[in-house]
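Next come the structures, one after another.
In what comes next, subunit A is part of two complexes: it sits with subunit B in the first one and with subunit C in the second one.
And now, the complex of A and B:
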């Protein structure tokens, strides 16, 4: 008996990937003005952040990190350690590249917060919206990042704008999720109290719900920042310059030393950003519980 | 059901009896499915969004079981919240908040974080916050249930003091019959979403509407409900100050008692005499005022039996019930103890 069909699928649905390519390409051409203006906006946004970062003398940046860490962790030793690590990046000759990378990361985080925070609030107030958005968020988080590098590249060309877009799509998820979660988990009696005293919905949101959810929201900010940092190397593939590009080049040329140096710099920046924002989360919790 | 201005109206029932749901309809945290709630002549149910906010801001405020305090604000920040959303300037609302905090006995704790307070203090903040709006109606949804018994007693006393001072209408929910009878001018008993009986505590314990009410009341500590007035008797051996000892002896002999209360002309209580002392006085030709015992225990007709329990078990004579200095009756150990069985 012929049992081939058990091991081979009897049907095949022919997916015309070429047609999809063509459609997307046509789409990008047709709406070029739209994408072009977003592109220009993102370029100037990233450039502004970059020039601010470059304008600050390195010594001031380091001292600021020392001071902020000291304030947040209440330990001067931690502040000095982070300052020394930053100084180390500078001595490796990576200071400018670091600023370039930070500009893209911060721009992406800013975009994520501006879009994600209101969206998180929106879906916290409506179960229906929550149900609709949840699978979309799951998709955004699990879809391999390379898949949306391609359309980002198509719509926005090479360089920083598609990097910011791709990073935003990837990093916006935690801020949406945790804003939603933070607001939903507030003790119902507290929200009721604010309503019982005659607050409008807006007053209740701004004066009670958001402040009460702030520690959770701050955790979301921290996570968004970390995920944006994780995209640094990936987005260098579509032409985002900075430390990620250094890593990519050293991979292509099998330059282990160069890769190690720039990789270390990425890790240092990530650790410092993480500790500082986590410190902010903890301080928020101390104040509110 | 009618709730009068200035009274403490207690709603009692087991959990699930609908008492919270009912009260939360009063400020529309819940929307009633049927029926009307009138505040004055206004139907609360028909208020639009704006006037509902106004009503909540100015007329009615609420104290919650688990306090409902905002942990991101300090004590004064919580108390001034109601004023803040009304748009009252900072200086004015802080002044009012401090005043309220002083009233509930939290002087000097304005800038403490909520987390540093004990349960009783937290609920004081809750009460101060509710009163800061100067509402006419104060809804209290099992406000003391989360507190330990000693603190609860303090808080009940505090609430009574505040209510007497401000004369707010208080609608109080509890599942504790002792608390209900102690605080309530009138008490409503609920079961399965329906009102069973609305009455004063005394009437309710004397004339329970049905077995359910009776069962509920039987679980109560009756000494907290019954006042001295209900158990006192008119003394039949009363002696006037100017009577002579011989007459006093006769009265005591006739009534078979070993002591008699002595009053002046206008029934003003002067003291007590014992049979032994009076016989001595008669022999030695002294007057009643010479053997009068002035240091005696007295109580008022409105005192609760629980208040005089200790006195009743220790006293040598029946306790005199005195109102404005006048003798109204007496209560003996027998009366106190027999009334609570």
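And now, the complex of A and C:
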């Protein structure tokens, strides 16, 4: 008895992947001016952040981190610990690379917040929009990064612009989801009360719902930041310079020590950013009660 | 009732699976070759060429074992990998030593005309009237000529500087090209840009070529890109063994050999005979890879196309009778 058909699909639908390739490539050539202007915008955006970061003397940055983490944790010891960790990055000779990495991460986070926050509010007010956006967000989170990295390269060239775009695609999801979730979970009675007292829908949103949802939204900001940090090494594979490139080079050369040093620096930055934004979440909680 | 239907479906599934498995296990256990698959196109292509000949002429089955260069070499020493069609001898620190100690057998030099270095599209130098591209750098011939043309290869991220796409970070040649960049004083008005991965570099090249933009980049042969697009290798000082690592001369062509594990060598005489004659060239390989890229053919189809295109290879590799068997199959 021949039962091959049980294990092999009896027919295949031929997908013309070649046509997709050609379409994407023609598209990138045709609208080069459009993509070029986005590219230039992103380059200047990242460069501005980078020049601000490199303009600040290292000692000021460290003191600022000490102060902020101290205020947030209410413990001077923690502030000093994070300051010392940052100082450690400097002594490893990775300060400039750190600034380069931070410039890309912060640019991506800024893009994510500017685009993600309004979108999150929009889908919190409309179930229909929520139904449409949700599978798109799932796709963005699970689609293997390289699948959209390479088209991003065709459109935006190699270097920082595609790095910001790829990071934004990956990191925008939590801010959208958590803004949506934060606003939806508010007690309906509170919203009704605000309407009953004569506020318009917009006033209710800005003055009641968003402040109420703030702790959740801040968690979204924190998550967005962490996911952007997670993309640091991946984006170095498309030519983004900074700590990620350092990790990539050492991994490719099996220089374990060098990889460990630059990898540690990435972790330290991530931890500091995480503590600072988490502190903001807590403060948000305190204020809203 | 629900329970009954569930039970029925389960029974049917079990039966179907059992029937399937039973018919699946009747495969014969023939001779098999495990080819090393280092991940790049030309390697897979040569595996397919050698594979279909082994299959159609000598009745072998074949499969590929993926891995990195060093891992596959270890596999070859241990006999887990039978044949490596593309050993890039310069990239393996221990290759010569292992060969001398008899831990592995070298059968033939697959090709040794593979160039690498800094390339520019031909239209940058000669223009392309068909596509309406003007020759932007008609006098560009040597690597050091680049110094005069930073504004033709602009780096968007740094105003006023040019961009040279370097090698993949971590490759040994990355350091050599970087030395070359310093040595010729290109660091004054060029940025040495590391593309991060070979996929990213190919995308940058393709994109620039499609748009007709100038680009100067490290690249290597044999690759589908070099077979498909018309790139010119910038000339350099003649190769010198003692100083090329400092970036002062041309890069050497790497000898790419076919290696076989001792275990396989001892018991598969006819494959040894066949592969000892196996020789191609980097240029041929690039052409085949370009064919594959253009037509979306898979490796097997490309290998068949290649053997028809370079029919005379069959006479060089195989005896008369076997060459005839192969030709009958191909046509």
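In this section, the second predicted complex is superposed on the first by the 289 of 289 C-alpha atoms of A that agree within 3 Å, B and C clash if a C-alpha of one lies under 4 Å from a C-alpha of the other, contacts with A are read in each partner's own complex, and residues count from 1 in each chain.
Methods note: contacts are C-beta pairs under 8 Å (C-beta built on N, C-alpha and C of every residue); 3 or more make two chains touch, one makes a residue touch a chain.
Since this is a predicted model, take the numbers as computed values, not measurements.
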{"item": "Side-by-side fit of subunit B and subunit C on subunit A, or clash", "value": "fit"}
{"item": "Which superposed partner A:47 touches (first subunit B, second subunit C, both, neither)", "value": "second"}
{"item": "Subunit A: partner with more touched residues, subunit B or subunit C", "value": "C"}
{"item": "Touched partner set for A:33, first subunit B, second subunit C, both or neither", "value": "neither"}
{"item": "First (subunit B), second (subunit C), both or neither touched by A:158", "value": "second"}
{"item": "First (subunit B), second (subunit C), both or neither touched by A:200", "value": "first"}
{"item": "First, second, both or neither for A:211, with subunit B first and subunit C second", "value": "first"}
{"item": "First (subunit B), second (subunit C), both or neither touched by A:187", "value": "first"}
{"item": "Shortest CA-CA distance in Å separating subunit B from subunit C in the superposed model", "value": "39"}
{"item": "Complex contact set, residues of subunit C against subunit A", "value": "16, 19-20, 23-24, 156-157, 165, 168-171, 193-197, 199-201, 203-204, 206-207, 210-211, 296"}
{"item": "Residue ranges of subunit A touching subunit B (in the complex, touch as defined)", "value": "187, 189-190, 192-200, 203, 207-208, 211-212, 214, 287-289"}
{"item": "In the complex, subunit A residues that touch subunit C", "value": "1-4, 6-7, 17-18, 25, 28-29, 32, 39-40, 43, 47, 146, 149-150, 153-154, 157-161, 236-241, 245, 248-253"}
{"item": "Complex contacts: residues of subunit B adjacent to subunit A", "value": "27, 29, 52-58, 61-62, 64-73, 81-82, 84-86, 113, 115, 129, 133, 139"}
